[in-house]
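Next, two complexes with chain A in common: one pairs it with chain B, the other with chain C.
On to the complex of A and B.
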């Protein structure tokens, strides 16, 4: 049994990393911001961790804390100009951000090692750490789901005017979403760096951006299980479909088109539509005659 | 309770609302009627802060709100039911209703879920259903119920009869009347003048962005000259033809 698991060990690690990164993408999409900046934010987190761990010998905790903080701060700064944009214009602006980060990583050779990237990063992260981080992020998302902030995210995503008339402050709510997204992306960027010995700029480019987006669109943007399901499918699919591995991008593309056409809300949210969920506060609210806060 | 003084709203260079003043007293249902494009919805959006007004004041129980953003106006207790029954279709009826609580802010709730279910029993029945799967009338009821969850001091309604079948319009207006009788203060924007004048205490007629007439609803309803002049003839029943030009 253990040897069986051991064979799939790298795959499990990859899956956990993808889940985390997908959550970073999920949280902005859920809040109605069409940001695809996460590849850039992950890259910043990864370089922060790699530089701190390799050059300054800082330990695991400090490194990850710094990656998270840097991702958070950059995301908040990024959200300020983005608050003036909507929809596809946000996507274009954040795509530009990803390209800028990529270019900086390529040309700031002294700091980032240029196209060769950074190598010989100490491997400080194993499966348990990854699992703890994914669970922590999942717990955060689940907690958020029950708060007014989670409700506000849903309202903004579906209709900004309605959200405003319901008392939701759109700009500041989206800044919170960006901040969370940046922190999660930074953290998992750091984990990628400390897990894989080496990083290079191109690993955080357009392909990563597309696959993060695909994971969330595929899994679902509403339910907190969406990113996990999306990341799982898109991580395991290439393994299952090894005979098609030469055409991996083709398979991705076809799947994405099929999902958008037939399950536009993603796998989890579409399935959720089939079985009625019991609202949590229902009985309480009716019985006590006072809607719970 | 709600006092609007000389409110003006511009869209680019076009003035949609010109120096409009109106008042809604506590417990009153006031209708704002007028033809298509008269500035009714603009005025309502200006009051609720969805659109910025360029001059004039909006005060709710003495609290100035004209400079506040929409979310602050809602939290102050001036809650709008937007035009076109904008329910959040991806969420269940219950989730939509609970979202309404966001507008409570720090105020104490005066409406309960049970009261809303009593008013609209269909919402109780359909609470687990996705809001997008409801009929038009049910969605309008949900939009009103959701606004009520924020315990409004004044409920602003934008064209609640829009696109609804006559029988459903009756249900919605019946519910509004019940709400008003229970003490809810309501400002109702309606193109369906006949029905609006039947349920409201007082009414303002708006045309070209100006208030051109005001008075008791009952008196207006019985005034053939007024009806002819501003509202397209003695209204037999325009509920079925309400999208037509009422200037004709």
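On to the complex of A and C.
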């Protein structure tokens, strides 16, 4: 067991980081907001942590607290104008946000190190810390699932007008979703920075945005197990099937198309749908009740 | 100096316009945000490059690129979008699906080209420069402007002067009503994807010639700049795409000339963010109802 852990140590760390980032993307999609700002929020968290840890020598707890707080505040500020937009317009605006963050990170060389990024960040984070953070986020999501807020998220995603009719405050509910997403993204951005010694802007660009989206779409946007399953499949698949690892993006791309065409609700939600389906006889009975035009 | 910058900006802007026209044709008719359009442009550029390397004249290369990209675009519709059209949740699903297509295209191109930056041969396009009203211009720039203007005029004639165009506009307005009135909606869909691909292929060759490099990621920066054009002009508006493309080219040229190095991209994306918040329908768009509309 120990030797297994030692051999696959980096892979497990990567998996945990991906799970956390996927949760950040999951929570906004679940609340019916079409935001893909998480790559930008994660990079803000990562830069906050890296600057605090290298230049000011602040310890693990303080650094992570700050990057979580910065992610939270930026996400709330971002959500206020985004509440005016819907659908693809929200997606484009958040894509613009990611680009603004990245190009500013490239421009402000004094603060962020420009294209070279920040190096020699102290490694303060190991597998136990990552595991604790992922479990904490998972607990938060599981708790949320049982509250009215979780139900409000689902209602908005399924039909915004119905949700509003049922008394759900659309704007404020989505601000909460953005805030949670920003906090989670900021936290895991900080963890990425304190785990990998160096960060640079390109690591948080379009590819990260796409892979986060892929994880959540693959796993499912409803169930709290969705992001974990999605992150696990997309992280482990290239490792399990070695010949595939050269074609990682090709496999991701093909899987994205196949999943959205054949399992549009994602792996977990589709499986749950199967197990909760009514008995066949009952369905037939209902169908035969309908008068034949 | 300023006039020369603006001229250079107009030429770059013409390429943005051509890109945005193809993109907006699909958005206007299908309401699909086709993120694979950058990938189609890249494939078009490679098709043109290989045609030139095979010893064909440059105009054949343009034709080959346009045809290859057009057919690819139709294929993408069949594989990635057609199965989704049956279902309700088109907006999110089509975006995700198009991202998948883009990943497949770029990876295949990366393996095919061995991650190299490839160039058109030196004599592929005869470049000579001349002076016009005190401004230096190359035949390359003149060709870009000519192709973009010609294509725009042809597109307008097609959409507003022919029966096919009327069918396309009818299907864009309401596909069910169009079908009831006897429009072959499937044929309209194939046509729009094919034409959009043609435009993408031409964009690819012009881009490859103008900047003299063809590589597997060339669609990505274009796609991101393309979004600025789309929002500036209004999603789905062809007139908006054309004007906004030139406008962005000029804005970018002036920013590059007068702002500190590296600040022009943040300014451009900041502009996108501000416009989408203040005037999401863009300069010419009539899309307010779509912006405010609730997802189905």
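To be clear about the criterion, the second predicted complex is superposed on the first by the 276 of 293 C-alpha atoms of A that agree within 3 Å, B and C clash if a C-alpha of one lies under 4 Å from a C-alpha of the other, contacts with A are read in each partner's own complex, and residues count from 1 in each chain.
Following the convention adopted for this analysis, contacts are C-beta pairs under 8 Å (C-beta built on N, C-alpha and C of every residue); 3 or more make two chains touch, one makes a residue touch a chain.
Small disclaimer: the values here were computed from a predicted structure and weren't measured.
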| item | value |
| --- | --- |
| First, second, both or neither for A:169, with chain B first and chain C second | first |
| Chain B versus chain C as contact partner of A:53, first or second or both or neither | neither |
| Partner chain in contact with A:14 - chain B first, chain C second, else both or neither | neither |
| Which of chain B and chain C A:161 touches, first, second, both or neither | both |
| Chain B/chain C common contact set on chain A | 159, 161 |
| Touching residues on chain A, where the partner in the complex is chain B | 148, 151-152, 154-155, 158-159, 161-170, 222, 265, 269, 273, 276-279, 281-282, 285-286, 289-291, 293 |
| Chain A - residues contacting chain C, complex | 32, 34, 81, 84-89, 91-93, 95-97, 99-100, 103-104, 106-107, 159-161, 206, 210, 213-214, 217, 247, 249-250, 252-257, 260-261, 264 |
| Parts of chain C lying in touch with chain A, wherever the complex brings them together | 33, 79-80, 83-84, 87, 89, 91-93, 95-97, 99-104, 106-108, 111, 220, 224, 227-228, 230-231, 235, 262-263, 265-266, 269-270, 272-273, 276-277, 280, 291-295 |
| Of chain B, residues touching chain A in the complex | 48-50, 69-72, 74-75, 79-82, 86-92, 94-95, 98-105, 109, 112-114, 117, 127-130, 146-147, 149-150 |
